[in-house]
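Structures follow.
Look for subunit A in each of the two complexes below; its partner is subunit B in the first and subunit C in the second.
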Partner chain A sequence: MFYGLSGVRHNSYVSDSKLFPVPADRNAVVFFLLLGLAAPYLVSSLYLNSYILPWLIWTAAVLGLNLVTGWAGQLHLGYAAVMAVGAYSAVHAAKFGIPWEFALLIGGLASSVIGSLFAFAALRTKGLYLALTTLAMQFVMDWVLTHSPTIAGGSHASLQSPTFALLGQDITSDAGLYYVAFGWCVLVTIFMLNLRRTGLGRALVAVREKDFAAAILGVNSFYYKLVAFAASSFIAGVSGAILVSTFYFLAAPEQFAVNVSIQVLAMVIVGGLGSILGSYLGAALILLMPGVVNQLFSLGANLLGLDLGIETLAHIPNAAYGALIVIFLMVEPLGLGKLYANVRDYLMVWPFDQLKK
Partner chain B sequence: MDLVFLAELTVNGALTGLLYSLFAIGLVLIYKSSSVPNLAQGALTMLGAYVVLAFSHNMGLPLWVAIPLAVVIMFFVGIGIEKVALRRLAGRPVIMILMMTMGIDIFLRGTTLAIWGGSSRSVDLGVSYEPLFVGDMLLSRIHIVGASVALALFVAFFLFFRSRLGIRLRAISDDYMASWSVGISVERGVGLSWGLASIVAVATGVIWGEIQGVDQSLSILLLKGLTVAVLGGLDSIIGAIVAGIILGILESVGSFYLDEIVGGGSRDLIVAAVLILTVMIRPHGLFGRHDIERV
Partner chain C sequence: MKTKTYVKRLAAAAVMGLTSLSAANAAEDKIKFGLCYDLSKSYTFVTPQITQAAQDLATLTNMKGGIGGHEIEIIVEDHGNEPQRGIECYEKLKREGVFVFDTLSTPVSVAVLPRIMKDKNILIQSLVGRGDAADGSVFSQIFPVGPTYWGQAANDIAYIKEQSGGDMKGVKVGFAYLDYPFGQEPIEILKTLAEKEGFELLLYPVPLPGSDQASVWTKVRRDKPDYVVAWLLAGGHVVAAKEMKRNGFPISNYISVNWLNEVDIANIGAEAAIGLKRGTNVAGGQDLPIIQEILADVYGAGKGAGPVEKINDVYYNTGLAIYSAAFEAARLAVEQNGFPVTPDSMKAGYESIVDFDANGLFAPITVTADDHGGGGKTRIEMWDGKTWVPQQDWTAAYTDVIWDVVKESSSKFTVE
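Now for the complex of A and B:
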């Protein structure tokens, strides 16, 4: 219906490998892009900077993890640690007087280097053992952060981020900070959209499906694992740096603790492995869910006249968060992205879908 | 550095290590039968301790009634988790299984704390806190009790795996398909191993709850338990015992020397280092089976 394929003819390979073969997809993307650009004029700055801005940055981070987990199939339980490397090195670089453009780059590259260490674990192990190694590395990184005052910033264990600036202009307004996050998220999205169409992306998928089989086909699986880890760590590092400089405004070790790693992985799973739209939806669901559940429960308790203790209310969002992961894996293991794809596939041929059966 | 002190560190380390083994046995039981790395074991341990407390403190039952009741309940909780959540994921990529157990972990922890609250409580096993003097060494009584429970469980499982039911479980861990074809109910066997692991979780929860109080920190044992299980080989119970002793000694003696250099808190670092090195050098652990992968 919306995705009418009639009249869409591809006469050359170039047109067949277009980013959006279906015009409706392209129109939707353009629409949301415009919506994103206009957001500061549509949404109050409270919502803009406390919901939309972190959502966009987390989406960029989730896309990075999706690159290594969804595309290359390598489990990564230490993603927050890699983000921490980027955040801390960028903030330290900026404090040192380096302009933010380069500080972000330094953060990303530092993350890439440390993140590639994770890839050397991937050389020897995979699956469960890789997950455990990356988890252990996350704990090592937590330990380093909390035990080295020079990195974490003295007695309070928090590091103030200098004012964000691009091209010599200080960015302090709400809309300005939002556009920084928006720009980064769009950049990462464009990269990930195009990754599918490149040899690199296809090689990563081959490695994911079976690395031995990929090796037999002449795909150097270790090289591509390394590339996947390095690229995803770069995205993680810059996202971490932008998160600290435009949202938290100070860096603290607990912002990048092990539960954050699990949270990002949960966003990937809930959104759908290897799905770009899913990354947006998964991040939104996981970020919004605790507040919504809390509201619902206090509302429900008020209606029923129950007196829920503060402690109970504090732990219910956690329980709901766990339940969300479990339910998604039980009902639709490929996540929200797959749910959308199902609807799209159905509408694609509607009302002629009976021909398919 | 006198020898008595070193010996005391070693023995206490070994005893603590056996308590880690207790935790790791639960992980091994599930991994052995179904190749599922159960990251929810920490939450199960915590839940086990809270259920015991619910019977003994909230309902006023004596401990010797409360613990068996908790064992029965947790046995069915374990079976239920397997039946509802894990069974339909069989054959899925390991990331989904890992994430599932992690989701169960978060869910169980949240639910437990929402029901019973997070303030730390003690189990009151009645074991005296007076240290035990062996020669010149000071040993903690509760650690000795816990270590004996770990060894007793090891012996019990050793015998169990030689019984008819145990042999079935071993067959399942060897080969799903072959077990099916000779008429062994694989589903029931895997469910049983979850039930047994949950019973182990009750034992772990009670002992560790006595040592450090029943609260959320019980689920943080997961990293140490995982390290022990991986070091021993994920499918070997004797491995869990030996690796527990090794990790305990390394941790207690190593952190004594390292803490002076790095300024405290090196225990977790040692655990993480052992985990990374094990996986890098010998992923199948000390006693685990080395699986050959086919393309």
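Now for the complex of A and C:
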């Protein structure tokens, strides 16, 4: 009905591997792209820069983690550490006077190098053991950041980020910063959408499903795992750098601590492994829900005239937020992305599927 | 115009799924303080008491006619110690007409600091956040009224010097600290002072979260330091007390950072803790005019912001101290530049606080345009089994050394 497939026929492999086989999907993407472009004119600056901007940057980061965890099937518990490498190298580079375009690149490459160096060691193990090794990486990074003032910056380990600039233009306005985040998120999304259609993407999926079966098919699983780690680390590094330069304005160890790693992984899992839409929804749920639930509860308490203590009011939303995650995962274990896919699959044939019954 | 904002808001509400957008423009005759606090994660050992103190003090002040006839409003929100949510809270309250903020969390204060500086709002940053913010010439919008950790550690050393008869040669001072920025901060100062005064400094890093200190205190037993200065938090002190007992280190030679309260004392055991010392800028106990007044007028009238038992806690006193200073600044602001209070007049108000101690509640502070810390005076208080007994007068020692460190660190900060 909404996803009319009549008249859509694929006569060649190229047409079959189109980005959006269903026109309705493409239209939806175009609609959201336009909405994203127009957001600074539609949304107040509070929502634009305190909610949407961090959400988009985290979505880009989540997509990166999804590459290694969702596509290549490697559990990664040290993702925030990789983001920290990118953030700190980019800020140091920018402080050194290198233009931000290159500083971001340096951040990404530094992350990529350190991330894949670590992967070299980590990939000798599998599954839960790999997860633990990546967790070790997180702790090493935490330790380095809290013990080396040269890297982490002076007082209370905070490193100020120079004003963000692209092409020699200082970017300070709310809308400008938003577009930087938006641009990066779109870039990563395009990359991830196309990854599915390439040999690399198929090789990664083969490795995920069974790495020795992939080896029999001639896919060098160690090599592809390494590529996955390197690529996802690059995305993590640039995302970390953009997060610091457009949102936090300074880097501090707490922004990339172990709980952040767990949160990103939660975004991937709640959103759905290997799902791009899921990455958006997962990041939104984990990142924004606590604040929103909090406000809803204080609003509700106000409306009902309940005089809850401030502490109770702070703790109830946490419980509700936890319950929300559990409920979503019980309804659809494959994540929020799959929830949408279910609706879509149902509507694709509706109402004609009713005729049979 | 009006329809445009309406459309904007509608779109925002639709995007965020929120309907709570009716910004309160009605009550503009109030003086608002935005408390973005961590009420649910790491700082819960202190935030409830401090919030209650702030609300009670506001109630008391409002009962007496407010500040220059204007009511005080305390807005509290939880940020769960997450920088992201702290920024969210700051940005939201900023748009509701709040310009005096307090985050009471080091990670969050660090995260909102660049925004505060850029927006020229006011951040109350007592006892948390970066220490060099005391330098008002650089951090013009930040008011960390109270001691820095550097100053507090130096004052502890001054006390030890006093106790050792003015000569520190041959004195061994141990420093037990949580091994992350909070605990590491005083190390440099202590090293400098060790060189200056000739005492021996022994470092005892305690791994996070501070619940395992067995190896630390066996080392203490071996080294036999005369004093141990401890930069630990809440439960860390309780573990330390147990280990001290096991290793035969007298608790009376234990000097804690200001983060130790009656809850920790109860966990150690009120009897077992006799003799324990604590550096502080706020007087302990309830025998203070302001607390008696709150007990009589606010709690007597049933208007307390929380259970009355919570008043028996030095963190409650700490909260009163922070907000006495803030309300005094607001009072001076109204007196000097009238109503409404603006960030500029609030800043000027703060900077004209002279020798203010809220009737003996805390160390007298004199805030100037250069010194936003107010002098950084502290004293050592001792737990006598029932309450806190001051061991010395309010002092600020080695201020030249402290300011060298503050200046050196603050000189690296620029407003972007």
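The criterion applied here is as follows: the second predicted complex is superposed on the first by the 315 of 357 C-alpha atoms of A that agree within 3 Å, B and C clash if a C-alpha of one lies under 4 Å from a C-alpha of the other, contacts with A are read in each partner's own complex, and residues count from 1 in each chain.
Operating definition for what follows: a residue touches a chain if its C-beta (ideal position, glycine included) is under 8 Å from a C-beta of that chain, and two chains touch if they have at least 3 such contacts.
All values derive from a computational prediction rather than experimental measurement.
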Touching partner for A:Asn27 - first (subunit B), second (subunit C), both, neither: neither
Subunit B versus subunit C as contact partner of A:Leu42, first or second or both or neither: second
Touched partner set for A:Asn318, first subunit B, second subunit C, both or neither: both
Which superposed partner A:Gly309 touches (first subunit B, second subunit C, both, neither): both
Partner chain(s) touched by A:Ser15 [first = subunit B, second = subunit C, both, neither]: neither
First (subunit B), second (subunit C), both or neither touched by A:Asn194: neither
Subunit B versus subunit C as contact partner of A:Asn342, first or second or both or neither: neither
Where subunit A meets both subunit C and subunit B, residue numbers: 146-147, 309, 311, 315, 317-318
Subunit A partner contacts - residues on subunit C that touch it in the complex: 8-9, 11-12, 15-20, 39-40, 44, 48, 51, 76-78, 80, 82-85, 87-88, 91-92, 95, 106-107, 110-111, 113-115, 129-132, 179-182, 184-185, 306, 409-410, 412-414, 416
Contacting residues of subunit A [partner subunit C, same complex]: 42-44, 46-47, 49-52, 54, 146-147, 153-158, 160-163, 247-250, 252-255, 287-288, 290-292, 294-296, 299, 309-311, 313-315, 317-318
Footprint of subunit B on subunit A - complex, ascending: 69, 73, 75, 121, 124-125, 127-129, 131-133, 135-137, 139-140, 143, 146-147, 210, 212-213, 216, 262, 265-266, 269, 273, 309, 311-312, 315-326, 329-330, 333
Subunit B to subunit A touching residues, read off their complex: 37, 84-85, 88-89, 92-96, 98-100, 102-111, 113-115, 117-118, 223, 226-227, 230, 262-265, 268-269, 271-273, 275-276, 279-280, 283, 293, 295
